[in-house]
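Shared chain: chain A. Partners: chain B in the first complex, chain C in the second.
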Partner chain A sequence: MKTSSFPGRYDSLAKVSEFVVNAAKEAGLNSEEVYAVELAVDEACCNIIDHAYGGEGLGELNCTVKVDQGKLTVILSDTGKAFDPKSIPDPKLDVPLEQLKPRGVGLYLMRKLMDDINYETSPNHGNTLTMVKRSQSDN
Partner chain B sequence: MDISLTEYKRCDVVTVSGRVDSSTAPKLEEALTSITEAGRFKIVIDMTDTNFVSSKGWWTLIETQKKCKRYRRGEVVLVNVMPEIRSSLDMVGMGSYFQIFDDLTAAVANF
Partner chain C sequence: MIDVSSRDENGVQIVEVEGKLNTGASPDLEKYLSTLVEEGWTKILLNLEYLDFIASTGLRVILATGKRLVGTGGKLVICNPNLMVMDVLKMSGFNQMFEVCDSEEEALENF
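Showing the complex of A and B:
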């Protein structure tokens, strides 16, 4: 298990990505699965910066990776505002181009890309998002 | 992320390499706005060397697509999109908003 902390800013995204991509490769995930992890984690970090902290430079992104053979667990924690993922509806995507609104896609992608997602919040420990990706060959 | 712009007679080609995420998408948006503000709405995005696009990146392209398609004055088309990127675009249902070409010549010839 490895943990790294990054400043909650957009220019940390590439570094967070490198950290989780290395772990995903180590877990034996294929290139499609590695990309899924990279994208889900990027979207999650943006949600933390934009919604939990409400802007850049207002808190840390803490990322823990746990590598098992054929399975990667990514734990992201922050000390920002809590939210209820169930309160975020899936975005309306099957609409004419003019009516598309840039909302809710990040969470939708995370749900689609990862095998398990769990969100916990506590007044003392902040928010913890746990996401699991398994290699297809182990399913 | 690096961006290079080439203005052709028929269209503008924007070559994007590296990562398009919340940190770099504003730079892409700026480049695309410079083209549309010059009254040019036929845009080819060459993604041969693009290795990551987050939803922020897609929204940047969607907003430009809206501007270009308005009054049927043009379009944004994509070239050589990596399979993983394409699959995520389809996953959020945005694949249908873009024509995707396998090579640059075909994309430019489309205009």
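Showing the complex of A and C:
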């Protein structure tokens, strides 16, 4: 298990991405699965900065990766406002372009891309988002 | 993070986006496309051949630009996404909202 902390800024996301992509490759995920992890983590970090902290430079993004053969667990934690992804409904995508609301697409993608998503919040430990991606070839 | 360039092809601005369109890079594309719309261009073709990655912030930029163009009687068309970018476009329903073509030539016929 490896943990790294990054400033809660958009320009940190390339480094967070590199950190999780390396772990995903180490876990033996294929290129499509690595892409899914990279995208889900980018979306999750964006939500932490935008919604938990309410802006850039207001807290840390803590990222832990746990590598198993054919399985990667990514744990993202923050000390911002509680933000439960489950409380946000999937966006309505079957509406005309003019009526489409762009918000919620990131969470929708996270749910589609990762095998498991769990969110916990506590007054002492802040918010913790755990996401798991398994290799299809091991299923 | 991304390189953006464009050229005029019979009144259509063909915009090539190269690199990773993640949350950090999306504002760069937003500025580029906003400038084109403000300059009066109403037909934009996004060539994604060299785009390696797209996050929802990038999708939002495309959506916002598409909406602005529809409002001015214009149009946005997408071409040449790689397989993984195409997967994201499909997952998010963008292949239903926008025409997504396999080549520039095919895309230009859609204006």
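Odds and ends about this structure:
Following the convention adopted for this analysis, the second predicted complex is superposed on the first by the 139 of 139 C-alpha atoms of A that agree within 3 Å, B and C clash if a C-alpha of one lies under 4 Å from a C-alpha of the other, contacts with A are read in each partner's own complex, and residues count from 1 in each chain.
Simple rule for what comes next: a contact is a pair of C-beta atoms (placed from the backbone, for glycine too) under 8 Å apart; a residue touches a chain by one contact, two chains touch by 3 or more.
Worth saying up front: this structure is predicted, and the values here are computed from it rather than measured.
Steric overlap between chain B and chain C is present once the structures are superposed on chain A.
When the two structures are aligned on the shared chain, A:D78 is found in touch with neither chain B nor chain C.
Contacts of A:Y108 after superposition: both chain B and chain C are touched.
Judged by the touch definition given at the top, the superposed model places A:E43 against both chain B and chain C. In the superposed model, A:D11 lies in contact with both chain B and chain C. Residues 10-11, 13-14, 17, 31-32, 35, 38-39, 42-43, 46, 93-94, 97-98, 100, 102, 105-106, 108-109, 112-113 of chain A touch chain B in one complex and chain C in the other. Chain contact summary for the complex, chain B toward chain A: residues 19, 21-23, 52, 54-56, 58-59, 62-63, 65-66, 69, 83-85, 87-88, 91-94, 97.
Listing the residues of chain A that touch chain C in their complex gives 10-11, 13-14, 17, 31-32, 35, 38-39, 42-43, 45-46, 93-94, 97-98, 100, 102, 105-106, 108-109, 112-113. Residues 1, 20, 22-24, 53, 55-57, 59-60, 63-64, 66-67, 70-71, 84, 87-88, 91-93, 96-98 of chain C are the ones touching chain A in the complex.
Chain A makes touch with chain B in their complex at residues 9-11, 13-14, 17, 31-32, 35-36, 38-39, 42-43, 46, 49, 91, 93-94, 97-98, 100, 102, 105-106, 108-109, 112-113.
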